[in-house]
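Which chain is which? They are A, B, C and D, in the order written, and residues in each are numbered from 1.
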Amino acid sequence: MCGIFGVTHNSRASYLAYLGLHALQHRGEESAGLVSSSGKTCFRAVAQGQVDEGLKPDVLKKLEGDFAIGHVRYSTAGGSLERNIQPLMAFNVPAGEIAIAHNGNIPGYHILRRSYQRKGALFYTESDTEVLLVAIARQMQAGSFRSRFLTPGRFARCVDKALSPIEGAYSLIFLTKDFMAAVRDPDGVRPLALGRLNDGYVLASETNAFDLIGAKFEREIRPGEIFIIPRKGKPQSFFFSNSKLETRNSKLFSCQSCVFELIYFARPDSRVFEKDVYRARWEMGRSLARESPVDDADCVIAIPDSSNVQALGYAHSLSLPLEFGLVRSHYIGRTFIAPGQAIRDFTARLKYNPVRGLLEGKKVVIVDDSIVRGTTSKKIIRLIREAGGAKEIHFRVASPPIIWPCFYGIDMPTRRELIASRRSLEEIRRFLGVESLKYLSLEALVKACGAKNGSFCRACFDGNYKIAAKAVKRILSLEKKR
Amino acid sequence: MCGIFGVTHNSRASYLAYLGLHALQHRGEESAGLVSSSGKTCFRAVAQGQVDEGLKPDVLKKLEGDFAIGHVRYSTAGGSLERNIQPLMAFNVPAGEIAIAHNGNIPGYHILRRSYQRKGALFYTESDTEVLLVAIARQMQAGSFRSRFLTPGRFARCVDKALSPIEGAYSLIFLTKDFMAAVRDPDGVRPLALGRLNDGYVLASETNAFDLIGAKFEREIRPGEIFIIPRKGKPQSFFFSNSKLETRNSKLFSCQSCVFELIYFARPDSRVFEKDVYRARWEMGRSLARESPVDDADCVIAIPDSSNVQALGYAHSLSLPLEFGLVRSHYIGRTFIAPGQAIRDFTARLKYNPVRGLLEGKKVVIVDDSIVRGTTSKKIIRLIREAGGAKEIHFRVASPPIIWPCFYGIDMPTRRELIASRRSLEEIRRFLGVESLKYLSLEALVKACGAKNGSFCRACFDGNYKIAAKAVKRILSLEKKR
Amino acid sequence: MCGIFGVTHNSRASYLAYLGLHALQHRGEESAGLVSSSGKTCFRAVAQGQVDEGLKPDVLKKLEGDFAIGHVRYSTAGGSLERNIQPLMAFNVPAGEIAIAHNGNIPGYHILRRSYQRKGALFYTESDTEVLLVAIARQMQAGSFRSRFLTPGRFARCVDKALSPIEGAYSLIFLTKDFMAAVRDPDGVRPLALGRLNDGYVLASETNAFDLIGAKFEREIRPGEIFIIPRKGKPQSFFFSNSKLETRNSKLFSCQSCVFELIYFARPDSRVFEKDVYRARWEMGRSLARESPVDDADCVIAIPDSSNVQALGYAHSLSLPLEFGLVRSHYIGRTFIAPGQAIRDFTARLKYNPVRGLLEGKKVVIVDDSIVRGTTSKKIIRLIREAGGAKEIHFRVASPPIIWPCFYGIDMPTRRELIASRRSLEEIRRFLGVESLKYLSLEALVKACGAKNGSFCRACFDGNYKIAAKAVKRILSLEKKR
Amino acid sequence: MCGIFGVTHNSRASYLAYLGLHALQHRGEESAGLVSSSGKTCFRAVAQGQVDEGLKPDVLKKLEGDFAIGHVRYSTAGGSLERNIQPLMAFNVPAGEIAIAHNGNIPGYHILRRSYQRKGALFYTESDTEVLLVAIARQMQAGSFRSRFLTPGRFARCVDKALSPIEGAYSLIFLTKDFMAAVRDPDGVRPLALGRLNDGYVLASETNAFDLIGAKFEREIRPGEIFIIPRKGKPQSFFFSNSKLETRNSKLFSCQSCVFELIYFARPDSRVFEKDVYRARWEMGRSLARESPVDDADCVIAIPDSSNVQALGYAHSLSLPLEFGLVRSHYIGRTFIAPGQAIRDFTARLKYNPVRGLLEGKKVVIVDDSIVRGTTSKKIIRLIREAGGAKEIHFRVASPPIIWPCFYGIDMPTRRELIASRRSLEEIRRFLGVESLKYLSLEALVKACGAKNGSFCRACFDGNYKIAAKAVKRILSLEKKR
């Protein structure tokens, strides 16, 4: 889980990129980085922690130039070390410097890395992103493309040649002194939107970043598209040679887009995969109400803020009153949790507090967006019952049980830790300690997302890994042995 | 606006106080401080910024002892300088060290300060709190009370003698090596709750701090009460000699309690003045709906999170659908705003983003909790109309127009800047750019707060300053001349 | 041990004060502070650590105004807490703000503090300096001096009335919005020099601070003098009513000046007490050579840099070759010393390294300036013998044995820890492990300092405490009991 | 100019390396870095600034393992960016991680870098060290050496094959999980000493690092030697195939050792190139006295601390008295120099202060170690004349005029800025403003260093660049054109 951003032809490029990362901060709080380009040279600044912590005004001031890209990171591959913070940047003579920001994941990139190392490549980070960078750089150095002037067409061919053999999920933004490039894998797993701001272009994982800086959404970068914005001249669009023909011009392209972006990850005010997140979530709540209503409930409450919209859809459909029964604290980011902490359910308490009196003796429906491990849900439920005084608690989940881990960029625990992979519905109900528990059906979920013909990757629900299937199989079997 | 906290007889006192400050963080983000006591000596740590920023684990470790008090600050009197950060602490021989944490404000404390200076007192801060400390210290040093052993009774008499002549709003927590003391002014302007945790006591501006650490709410400290918790022996309750008799034992004591705590300042999951904030706000929304409904509205939206509950009450009463039409960012605390920022309504955009599509072409009711300057409201409204595409916007405010500044501890601008003090309802409506604008009546507000016989300070609405009236008059007339 | 500095009538006052503190850095590395005045208000910045660490350019920029004072601190009374960092500043209406920087020590200030507390004064620091400030403030508030306009004459009378009854060592610089004032105790224990820079005045503990900023030394502030430099008009000189008449105009005034300033504390390029430190030290070395020569020595080495000049004087007088046999590291300030450090004599090694080969098999004379505990000397000697390979080591000390602690501002251990207070010369020799050991006689020391008639405080050598004798006696008897 | 250090088989390896860097701190204050190895994995920490600033105890704690290497840096090639801080580390499968610390410089490394980039290598830093790393890595990956287990013999062959074609100055320490390796270029330009500590080995640029940690000097790594210390088993020594046969076993190996290490760069308590620095400097002073005595001089003074020993040798040879006429401040490292600084000769004043009175009216000889630009010397001379009051100043330089820049690792300005490259002796004398000026002859210098048969690189004096002559010629001709 990461967020990427880019802006071109703007005298305040690095500041706008900083704001863009702000808007994408929910996609990763572990580190943040920016690279800007003045047309002659690139400037890079990266730091651990949230955007505000590491990228101070004095740092921004040094990021000169009118092109800039940024990255926020929620570590997947590669630990939390400084050297893994993106954008990565290399000094590669034919093109000068090249920087890359990556959202997604390459299952089994270790094997690829080893093969490049055998060819004499050195690696300085543990991240899968460096593998993509090396793959492309080697193409750029190869005889046919070697040249001081890298045309968009040449670069697109490099990318195609380098990445076509690599299976995985990637939305990428590149920056060189001559152009910015946006690339999406042919399966379109992670989102990447294109917008306009004055004379320049804007790229962002989610459209709420456009709203903040006053940019206008234009369209999603297509699956398999290589979109290049040169410093001078018009942008040009290319496609991977192995991209699906039907995705190139039509809107029906979300072949393997990640449904979890719509369920949980994206902000409700964003559009991703050309869908309104808010509408999709409201629809999930409504479908859940239809499939699993609760009779005579006194009220519906959400787990703020992640299931607010689903709970609203649920409550509205059943004409039940919604209540803000849990208050969420917004200061807890860096709260120090003392070792030997003796307060029960403390981590849940830190974040959520039930409104006393409000739920006293009531029959309450809690609508959540999903259950991963189940441990936090259990703590919240206990808070609502003990501190809040609810009489009956009915738990409704606006997505199906998560049974399989994600290998395409969503940070999920191993199979063993996914509660639904080793417990039955009834067992989970008892574990959570609720009067009833229901999940949304996979069918209804996909319908709520507006998908018609089997699009969306839903491997976490059905185990049907369509991308890099072999690598995924190997990782799963290794996990099993442990 | 500040938050104060205290905990006694607990081996993790300073850590619990740290957590308590967390829960009260919304009452002040400018600075935070802690003082602990081991029974022999006191330890102090203060820092600018939020609790987490300045009070790191290594700092906490040094705050030994089983009694601790804390303070978060939203500067009122005294600038943002380091020396003004509370708790203040003095070295005062008869009682040893004494620390003080103060929520409230003393109008005209400059005059008091000058008179003490004439008697030879030095002042090291600009805060009104130091005046209270000096007043009490001088009593403690005076012949009749001078003694190495300060009994609760003696301290209570000192406080009574020292503070009775001082008019103002103050909830105080004192810490010495021998005891902790909680004091509320006879008018009960600012809240202060008493709770229990294991064998000790807990004090907090709001009860949500009790919830976080698992403490049990017992009662509100009474107006005019001086409640002393000695290290050994039972707590004792005393009263100011000029406190109202009827407040001492009954529950009808909120003579001049600040109604703005219920409207905006306190968290919805707190109890203040022995009232549930959530219920009061829901009721404000319902009363507003009765007084000023909107016909044929498509939906109701709140300004998250401050008017969530009022909007819910409003929508529910009129059976209108609530929508989460604005999404609030929780990362903006320290966002760097570049000088010469060119993005229109940028400060509002940073915090709020309308959900595109959702409000398109609709007749929308916005419910807000109050209007102070009106400038932010205007920006939000413009965002909702331009970016959100709303066709009609009807603005409903769940409190009356604020016409007068507060001198009792709520940070408000001068009269001139209060939009309702110099513009008519119609002028404000045009300024905001809405189809209609209505405020809640003062009568309905007080009723929503559950008050029966004229209690609550509402000077900000009606200009009826009952406390330190002379000092307030002087300040107001000085403001006018400028 | 502290250093103080002041500069007036200079548009770069706070920067010059920053440089002045630099030059005085050897007088205290624990904390540094500056207060500047613009004629309207005062600005203060203090920080722990060396001048460069805490007082960064962005901090300096805020210290507006054309008058500034500074202080570097080597903690004596008052722990290393932030609140004790000088200059202290109080808000004292008649004079507005008043800041104080203090070099010296008040033995028994605890008793004075208690008496002021009985009169209602609060204390916020543990430092003896605050006692002086309170004493003066109370005089300023007293009937006869109370006035918004504080003339130099009035302030001088306040200082006289307040400090005459207080026995101790103090060189002080005060800053208010209207003037700067320099004060030295009637015994002249600590130095304070007056200089000129363009149209303004400069004050500094040592004259090397004048050299750095290009100021011209004028004269030493006299013992018992109160020298006031008003913002407008000429400076005026006053004297304590109990000051010695003969010190007012003559040069023979160093009644109780601290001889240790000349032995060790001051920089060799400074003048203190109107004496050249370099010459005095050279003379100490020469006298030591006369009293205690070493026959057939191969070379003389100093403990760099503190006994360089004495060693030169010694070597020159005996026509022995000086060698730089020990190399001193200048990076060790903040070296982390790991617990359980296993390297022998590590703390000495960190600072000093003998030049291998140079002393191999030689008969070496080491000249040191003084011996306090003797532990470091022992380690250095062992290094020179073991690593350096010296055959014979003769230790010569260019001052008498230190038998008594200092109560006037030099940081010394308790009597018990002073090696010469509990061991005979022969015992010390054996402890150090040298072939011979000799000290300079007290007579020769005083003569080397150019003193004629019994001036200089030498209580550390002879126990003759002439200042605050009663308080010193009490402290000594308390120490004994422990 | 850099310092490198390594230690093996010691449970406190990273702490000892930290101390080692301390001892080498004078070789580079710009950045510091450490890499440790536990036998399984490597840990790296680097930071800008001095060792103490960036490498705090909490950082050291994370550097596990019993092998460690370190580097202090005084930037030569590659700017002051974070990514250029050494040791560099790469992830290179056959050998696992490999870290490198480099002292020296590769003239014309840009060209080499470009050729590797053409073969598909990416570069992440601007430093010449990365070129060496890539060169070796490519050999390691090459068919003949590819293997999971890298024997010392195989690694030595890789190094030989990779570095033999690269002309330049380099002393290197490598660290992998299996061994540490020390490498010196066949010309032996930069020093690298080998020592023993308990069961392990120690490597350091200068032997004073051995003294600090109690290690024993064994010998200098030979020019062209590749010395490998495996985790298990005995160390093995290999030689470059193009190394000179005579250097392998004899002591006469310093073919092109940098004479400037002995003149200025190394500490006087170190041995470098198996020569005592102190003795060499004393001899330079004595030879200078013979070649250029000053009649009737009153005293000799050094520029502390760099020419102390030379001045002593000079003074002693002529039986002139040495005086510590300049006092050096040791606090100036990070002094903020305000823009528009108006104090004359300020940068010199900050560092040096003449002792007033001492030199008044005297005929003074100043002995300096060398003159580079001449600007600082000029300022010091002016200080001594104006503030110090010297009547005559005779300047003696204990090395020949520097006419040519260094391309082998000493940070020197371009030819244009070297005062002796564009001015005659008489012009320099007038520029400096001294009564007379003399340099030491090149012949005498080399003799003072104990060299017999034309060893030592002295290109800075005679322009005879023997290493990478072609690359040097190109750079010099480019410089000329500018």
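Everything that follows uses one rule, which is that contacts are C-beta pairs under 8 Å (C-beta built on N, C-alpha and C of every residue); 3 or more make two chains touch, one makes a residue touch a chain.
Remember, it's a predicted structure, so these values are computed and weren't measured experimentally.
A.B. asks: So if I look at the partners of chain B and the partners of chain C, which chains show up in both lists?
C.D. replies: Expected: no chain.
A.B. asks: Between chain A and chain D, what distance separates the C-alpha centroids? Give it in angstrom.
C.D. replies: The separation of the two C-alpha centroids amounts to 49 Å.
A.B. asks: Can you give the whole-Å distance between the Cα centres of chain A and chain B?
C.D. replies: 38
A.B. asks: Centre to centre, by mean C-alpha position, how many angstrom separate chain B and chain D?
C.D. replies: Going by mean C-alpha positions, chain B sits 62 Å from chain D.
A.B. asks: Check each residue of chain D and list the ones that touch at least two other chains.
C.D. replies: Residues of chain D touching two or more partner chains: there are none.
A.B. asks: Chain pairs in touch?
C.D. replies: Listed by label, chains in contact pair as A-B, A-D, B-C, C-D.
A.B. asks: Show me the residue ranges of chain D that touch chain C in the complex, using the header's touch definition.
C.D. replies: Answer in residue numbers: 12, 15, 18-19, 22-23, 25-26, 50-53, 56-57, 60, 207-208, 211-214, 267-269, 271, 276, 278-279, 308-309, 312, 316, 321-324, 327, 329-336, 338, 342-344, 349-350, 353-358, 387.
A.B. asks: Which residues of chain D touch chain A in the complex?
C.D. replies: Residues 89-94, 113-114, 117-126, 133-134, 137-138, 141-142, 146 of chain D touch chain A in their complex.
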